[in-house]
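What follows is a set of structures for review.
Both complexes shown next keep chain A, but they swap its partner, so chain B is in the first and chain C is in the second.
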Partner chain A sequence: MIYIPEVFMSIGFLIILIISVFVKKNQNIVLGYLSLLLIFLTQFFVLKDIFLFEEIFNNFFVIDSFGSFLKSVILICAGFVIYFYIIVKNDSSLNRSEFSMIILISIIGMMLMVSSNDLLSLFVSIELQSLALYILVSFSKEDFNSSEAGVKYFVIGSLSTCIFLFGSSLIYGLVGSTNFSEISQFMSDQYSVPLLLVVGLIFILVSLSLKISAAPFHMWTPDVYQGSPSLVTAFLSTAPKVAVFGVLIRVLVYPFGEIIVDWGKILVILSIFSMLIGSLGALRQDDLKRLMAYSTINHIGFILMGLVPGSEDGITAICIYLIFYITMNLGVFLFILNMKRDQLNVTKIKDLSGLYKTEPLIAGCLALLFFSMAGIPPLAGFISKLLILNIVIDNNLFFLAIIAVITSVISAFYYIRLVKSMFFDSPTEELDLLTNSQSKLLLSIFGLFNLSVIFYPQFFLNLCASITLSLFALR
Partner chain B sequence: MFFLSIFIPLISYLFCVIFKSYLSGKQISLISCGLLSIATTLSLISFYFFHINGDSVVLISNWISSGSFSVDWSINFNLLSCSMVLMVNFVSTLIHIYSVGYMNKDPKRSTFMGYLGLFTFFMLLLVSSNNLLQLFLGWEGVGLTSYLLIGFWNYKNSANDAAIKAFVVNRIGDFGLLLAIFTIFVVFGTLNINEIMILVNSYSDSYFNFLGIKIHSITLISVLLFIGCMGKSAQFGLHTWLPDAMEGPTPVSALIHAATMVTAGVFLLILMSPLIEVSEFASKLILIVGSLTCIFAASVAIFQNDIKKIIAYSTCSQLGYMFMAVGASAYSLAYFHLISHAFFKALLFLGAGSVIHSMSDEQNIKNMGGLYNKIPLTYLTMIIGSLSLIGVPFFSGYFSKDLILETLFLRDSELSSYAFLTGLLAVLFTTLYSLRLIIYVFHRKSMADEKVVAHIHESPFIMTFPLIVLSIFAIFFGMFSNSYFIGSDYLSVWSEIIFVDKSFNENFIYENMPIFYKKLPLIIIICGIIISYLIYFSFDKFLPVIKNRLRIVHNFFKNKWYIDEIYKKTFVFLAFYLGKGFWKSVDRDLIDNLGPNGMSKFVSSIGLIVSKMQSGYLYHYVLSIIIGLTLLISLYTYIF
Partner chain C sequence: MSNLPILPILISIPLIGLIFILLSSENDEFALQSKRSALWTSISNFLLSLYLPLNFDKSIPHFQFVNSFGWFNSDNLKFSLGVDGLSMPFIVLSTFLILLCVIFLYPQKKKNMRMYLASFILLESFLIGTFSSIDLFSFYIFFESILIPMYLIIGFWGGERRIYSAYKFFLYTLLGSVLMLLAIIFLYQEFGTTSIPRLFDFSLPFYIQVWLWLAFFASFAVKIPMWPFHTWLPDAHVEAPTEGSVILAGILLKLGGYGFIRFNLSILPDASIFFTPFIYFLSVIAIIYTSLIALVQEDMKKLIAYSSVAHMGFVTLGIFSSNLQGLHGAIIQMISHGIISAALFFSIGSIYNRYKTKEINFYGGLGHKMSKFSVFFLIFTLGAIGFPGTSGFIGEYLTLLSVYSKSTLVAFLSATGVVLAASYMLILYKRVFLGVVNERIEKKTERLNIFEILTYSILAVVIFIFGIKPNLILDYTSSSLERIIKLYPISIF
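Here is the complex of A and B:
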């Protein structure tokens, strides 16, 4: 029992909490290292049982390769964020012992999310991670923007919870159970699915869309991304997205796999909206974090397309996309964390201008990341977009593919504008030099990874394909 | 060896381009002359030992291989290509040497020598090709280098215009040639010339289906080929570029627009003669266009004042003779005239160049005069060239041209009789314009101003040397080689390569030609000499009066039958109007505004709206979520 990663993590978290009482105020880094260690160990347990399949707690949770894989990805994200927390000199507001604790709590929530096999357990785990995130968003108490973002995120999150609960209650009312296996059983027994059941599913879909900020439920995203501390934004734009996508895939494919025709259309609408809003909204932005928010929305739209056919290939492509998306995002946010002028954080796009002259290596890596986001071959972003588009076209969803390509072109504009600003514009005021060699190294690694994936894409394809298999084959 | 003689000019070009900035212009010129001389020597040797090797095809490598379509890089080694390569290399070498003197003070002389080498290479590639695609490469290559050389003095607007004109007019012909090549591939399934020649007879009854119209395929091919040749060889209708091309340096005119490139059209027809022979219609068309060009160009030449333009129209007219020979199925005679014309026309151009050189770049013959004792060597060579051109007995031109006229006479068809008469009339005109040129330039009272007169000098030896060599050929070539083209022994050799009507040999012509008709060209020449003597010496006071009286006629000829004006009013005007319209209203207003610019503006404005929607108020966000939720549910319930 103790070897179940979540249980191990919870116990480890409690131990660190106790230790934190004895740690001096200015030595919070120690807690960061401890959290990192805990994440490493948990990762070990996750990977140890990655091919295990087991239904536990009376079918409340399920342990399978898909879930374990996503847990591993979430842990990696969290590990990187905590590592950023350690290496980058933070504002005093973030410099409190609770920061890494709260991240750990939200990770526990996410790990439970991706292995939930029941609407009830799913609800509880979503709440766990959300509550932790609300705190994180409003973490810098002194910053007005952060508080505002916290309030917004909390209200929207509560609304999302309400919607989720209402949908769940509808489904429970019709099926008589909240367990995924039983819902699945119910679906296959029915000749025609009751309309209200689909409405319930739409409620749940909307609630989850709010979490992944798919348009038209994206409105909170730019404000929250901009308002919350950059480190939190880095976390917010990676780990929760992976977790919610895990949930989305599990819910849609397993219990509601029978009514793919119905939710497929909803997903098409969501993805079209997201791609359009994500690409158009970013055009006139002048803040890098806000731009990244729209960029996220655009990517989410792209990823959602892969889920429309509900096929194994599609989910494989989504997994690959998520991995590459995380590397790109973390890289860019690592840079944003280090973007300072006179020791103060700045996030405006015009602050980037002329970066190439002062920091050629960083500018080069950042350009690679932006090109990768734009989907320019032969970078990682190109491969992932290609895979998704392949799936879409294989399923004869040509209009969707066309919209995807057009929006990609539009979004390429604002990514390339950033690159142009870095390389060709003359700087108004120069940024502080990046003295942090670990950040430099890490950023180079992210850039290099995006560049080199083209040589071993088969590795990721095989890995994700074998992971996805568990979702379909073992049932 | 033959292979080397083709590729040495290319080496010369590369050498000139690469070492342009390292060596002086003089060194470059001398080295390229040396390389060309080697090429000529090699081609002479391979021509001399031709009988040992016999016909063969030198395969270099495969070029394109796609399905049933396969084209090689290869060199055709036979009497035709071998003699043509020798002629091209020989004339080119002389012109290289001449250019050393002529372009002495030009800052870009290294580039000029390079272009000459490149041109020579493309021309050799054209004449030695074993398939039509490689031939087309050479064809386009000479077009390109012709463009570069005509516009060589690109600081002159007129040179640029002329270069563009030459290129564009040639494109029309090239399009015809391309279509011909496509059709040949469709009909025969191959582009190899030897294979086509074997297949011709079995396809003589095949029809080509185009848009539901059945066309005799070989007639179609022949006509399309002829259109291609019309462009390159400046035949009536597509001739307008040739006179303008005289904007280029004179050696260029001598090499490209007299001896080699313009004869490429004739060469192609000779090469494809078995094909042309099958189609009676094409032969007739060629005969008609040829005689029309012949008489047209000769008549216009009489009224020109630019020394080079006179010679250019003369070239046009002589090309007309060649086409007439082709139309009368006397391909070997066309080839004979091609080569002898190359010598005396290159001589005339170079002589004209020498005159221009000594007159400080004056080209108007009205401003010259009395030069005969000042530049005696040039005078002598010009006289030789002109006599050869007119066809005075025992000069080269006499043998080749008279044989063509006799063949036309002996062909018993109505059309060829008309052509014969046209040819005779053109002989008269030729005599008139040649003598007019000689009289105006060398004999009449000097019209040049004193500065120019004081500066008149004979050209240096490096320029007169090619003149002397070419004079020797202009005198003796016809005399010694006419039996190679008409003698019955040699006709059998030719017949392996081109179509030969063996009955038209030496003896046949001697036996059947009535003595009056045989001497008729000579009589006409004598008349022409008398007329020009009368006009320009005895009655030269009346010349302006006659001009005034017959102003319409005079203007008609002086303005080249108004053909340039007609083209300008119709095609050029239309193209300009359409182009301007498309550019302004379609491209700039419609496509740009709707396309790139409009699109980006539209996207950008939508982007602004999307950003504006982000009001920052929480209740707006919540409302949007509720709306979205309701939208999805209602969409699902009512529409899906």
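Here is the complex of A and C:
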């Protein structure tokens, strides 16, 4: 039985579902702990088989270390989000038994996504995770914004689905198969690749860009990020991005590796747009969650650059970037979750002001995270940006590198604006902050991690390099 | 040579001190505990940094005290530290000025003194790291890290428009240095190494050198700062607290000059020759234009800030004259400006602490009330003018000498800067210290405290020592500089 993690996860999920019937209404935390336990055990199964390679279910899925690594990252993200759910009880609307279980479903979807080896299985698993996410976004029933965000996300998501299906059907019509290895075979047999195939690929690319919110397909991101409950935003900005990036890498590098000239250009355009919109759009924002949405778009643009050459080093850099990006994002959202004044959740930037006076340690850690996002050395964000830029310059894409660094200076402006309001502004009204010591501890760990990565970057480099090897070695 | 890993020790002592400072209690008003920790840290680091000149082999032009650590798992990308004659004086200057800052701060009260001291001690570690890195990536990391403590120093403890100035400082410098990052990555891709001593052995085609030169120039021209890129400096200086200005003028500006010599001149000699007229043009404008602006300033700190830009004009002239005199002149000018401008900013800080204004018009006849202080200030003023006998003279003299051999016109134009410097500095002295004692000053006088006297005496003595015996520095630098000059294809034209 090779396909253990997903099967185990599904069975575990069903068991928790049964248990949930017997759990009293005000004791949903128990379910959170159970889900956390399930994620832990699944993580164990994932890591146990991390160096395995096998194609299963009639080539529908592939088990390789790249996929297993991404699964592990996704599980870590989800584990943190559920842990946040347990320790921070700020949002009463989330206090329903379904919450952790819907997260579990979406993780199962994501885990299937990153190991799909066929357009059909990919489609089904993308739908599985998306449907779960639509529910999560509109989870606060009473909140008008949350419902609005849910509808918006659903409409855009269905559009993305349609586009994906259309692209797949074009490819199927030409190749006669939806399997990645057969598409790859078809490509290498052809003397020149038919244009319609490229069109099909472009449709798939657009659909995936909608999922990772790469500009110009980013329109939904700020609204959805702002509207959905903060905990859901934390989840939305980490795990699905990792999963979709995994899919993007797998689709582009493996079956469509032959036409890198075509999709490379598209990725360049996508990344330039994302970086520009992500940095310029955030300048005028006054809401922290909205600003994080633009920051995500900016980071996505940066990560996409690493995929342009489609090389092993590039994908290693992307994996490292994703890991650091997750730690930064989770840290910031953990703080946003704890922002509260007079029993109401607040997310405005001006609510940060004077944080240093009341909570110097938290302000310091948060400043580290923001500086890290801005890519100031010696923090983790710098190392990841350095690795990506290294790839870009290695491939002589100088104009892209220059745009990247200039936009990252622009984005540094809004990150240091956040640091400014925490350290230099006098507080207008104090927040009732971080009543639980666990969030404090966790936030300090995130900050410390970002600070200390400079001493052992080779660890991540080795890890990710050995992971990406599997993607290339076994063609 | 002994095997003491002196450079890693110098970098890590402030970090250890930082822990003590952060752990110290802030219960008493003066934050004595943290001040003591900071003082001990900076004293021990200064004394240890003297190990470098004492054990330095002057005849070797190469890097000494080299320590390398594996970093990214590649043989060519290491975390390497080492000093040569060029960087050694700057390391000692950094530890010296930080020590003076801590001494100067000792009797003062300030909000959040503990964090203030911590920022300076952190800055010290980064500065030593920057000057002693002999790997491009570790250089860049230290070079950029400086932004974080400096941003906090200006933004948290600065004056009224501190936030605007902190932004401007941060973004200007960041924009310059990210372009340098691209150039560094390019060099790494091209040669497969980022070790600076090994980069000396390679040469690049001219058209690539030009682009790389411009990328490095963008970073260092902002830092030093040269004429059209200088606008952040007056704002940053005016708003920064006294000690912040001291470090900014004393050491951070020198990073630009150091970078020009270390990278633009050594690694990209052909492009440096090509761009020499361009640099001359900017430097001459900087010297004349900013001196004229300094003449009409009403704010003491702004005046000194503009004079810094003018003085740095001499440095760039000297650096790109590409002969030994010019480089020597530039180095002496940088060190002496580091000391003199630090002294002037300390003095302005002393006045400001007493009267809470930096407006020149407010003062008059201060000399009658604070006679000792007026003597010190006169010494510093003369140093800034470049009076013979002070260290300022040596730098300007050597620079002008080397420029004269290249172009009479440039030498003539830049020499007017010396005259202008004399006029704005002497006018400043006259308006503040001489004349009738005005009633605003009459009301409130306070003598110099022992810490201030100590600071000023040390600075004055150092100014005279280097003015009379510049060889104390030049002996160390000459062999390394000769090596750089040798890389020049047509150094004498």
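To be clear about the criterion, the second predicted complex is superposed on the first by the 472 of 475 C-alpha atoms of A that agree within 3 Å, B and C clash if a C-alpha of one lies under 4 Å from a C-alpha of the other, contacts with A are read in each partner's own complex, and residues count from 1 in each chain.
By our rule, a contact is a pair of C-beta atoms (placed from the backbone, for glycine too) under 8 Å apart; a residue touches a chain by one contact, two chains touch by 3 or more.
Keep in mind that this is a model prediction, so the values were computed, not measured.
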item: Three-chain arrangement built on chain A, chain B and chain C clash or fit; value: clash
item: Partner chain in contact with A:7 - chain B first, chain C second, else both or neither; value: neither
item: Touching partner for A:454 - first (chain B), second (chain C), both, neither; value: second
item: Partner chain(s) touched by A:120 [first = chain B, second = chain C, both, neither]; value: neither
item: Chain B versus chain C as contact partner of A:402, first or second or both or neither; value: second
item: Contacts of A:202 with chain B and chain C, given as first, second, both or neither; value: first
item: Touched partner set for A:390, first chain B, second chain C, both or neither; value: second
item: Which of chain B and chain C A:19 touches, first, second, both or neither; value: neither
item: Partner chain(s) touched by A:382 [first = chain B, second = chain C, both, neither]; value: second
item: First (chain B), second (chain C), both or neither touched by A:361; value: neither
item: Listed stretches 97-105, 151-159 or 457-465 of chain B, narrowed to the one that overlaps chain C; value: 151-159
item: List of chain C residues in touch with chain A within their complex; value: 70-73, 137, 140-142, 144-145, 147-148, 151-152, 155-156, 162-163, 166-167, 170-171, 174-175, 178-179, 181-182, 185-186, 188-189
item: In the complex with chain C, residue positions of chain A that touch it; value: 371, 376-378, 382, 386, 389-390, 393-394, 398, 401-402, 405-406, 408-409, 412-413, 416, 419-420, 423-424, 454, 457-458, 461-462
item: Residue ranges of chain A in contact with chain B within the complex; value: 151-152, 155-156, 159, 163, 195, 198-199, 202-203, 205-206, 210, 216-217, 219-220, 222-223, 262, 265-266, 269, 277, 280-285, 410
item: In the complex with chain A, residue positions of chain B that touch it; value: 603-604, 606-608, 610-611, 613-614, 616, 618, 620-622, 624-625, 627-629, 631-633, 635-637, 640
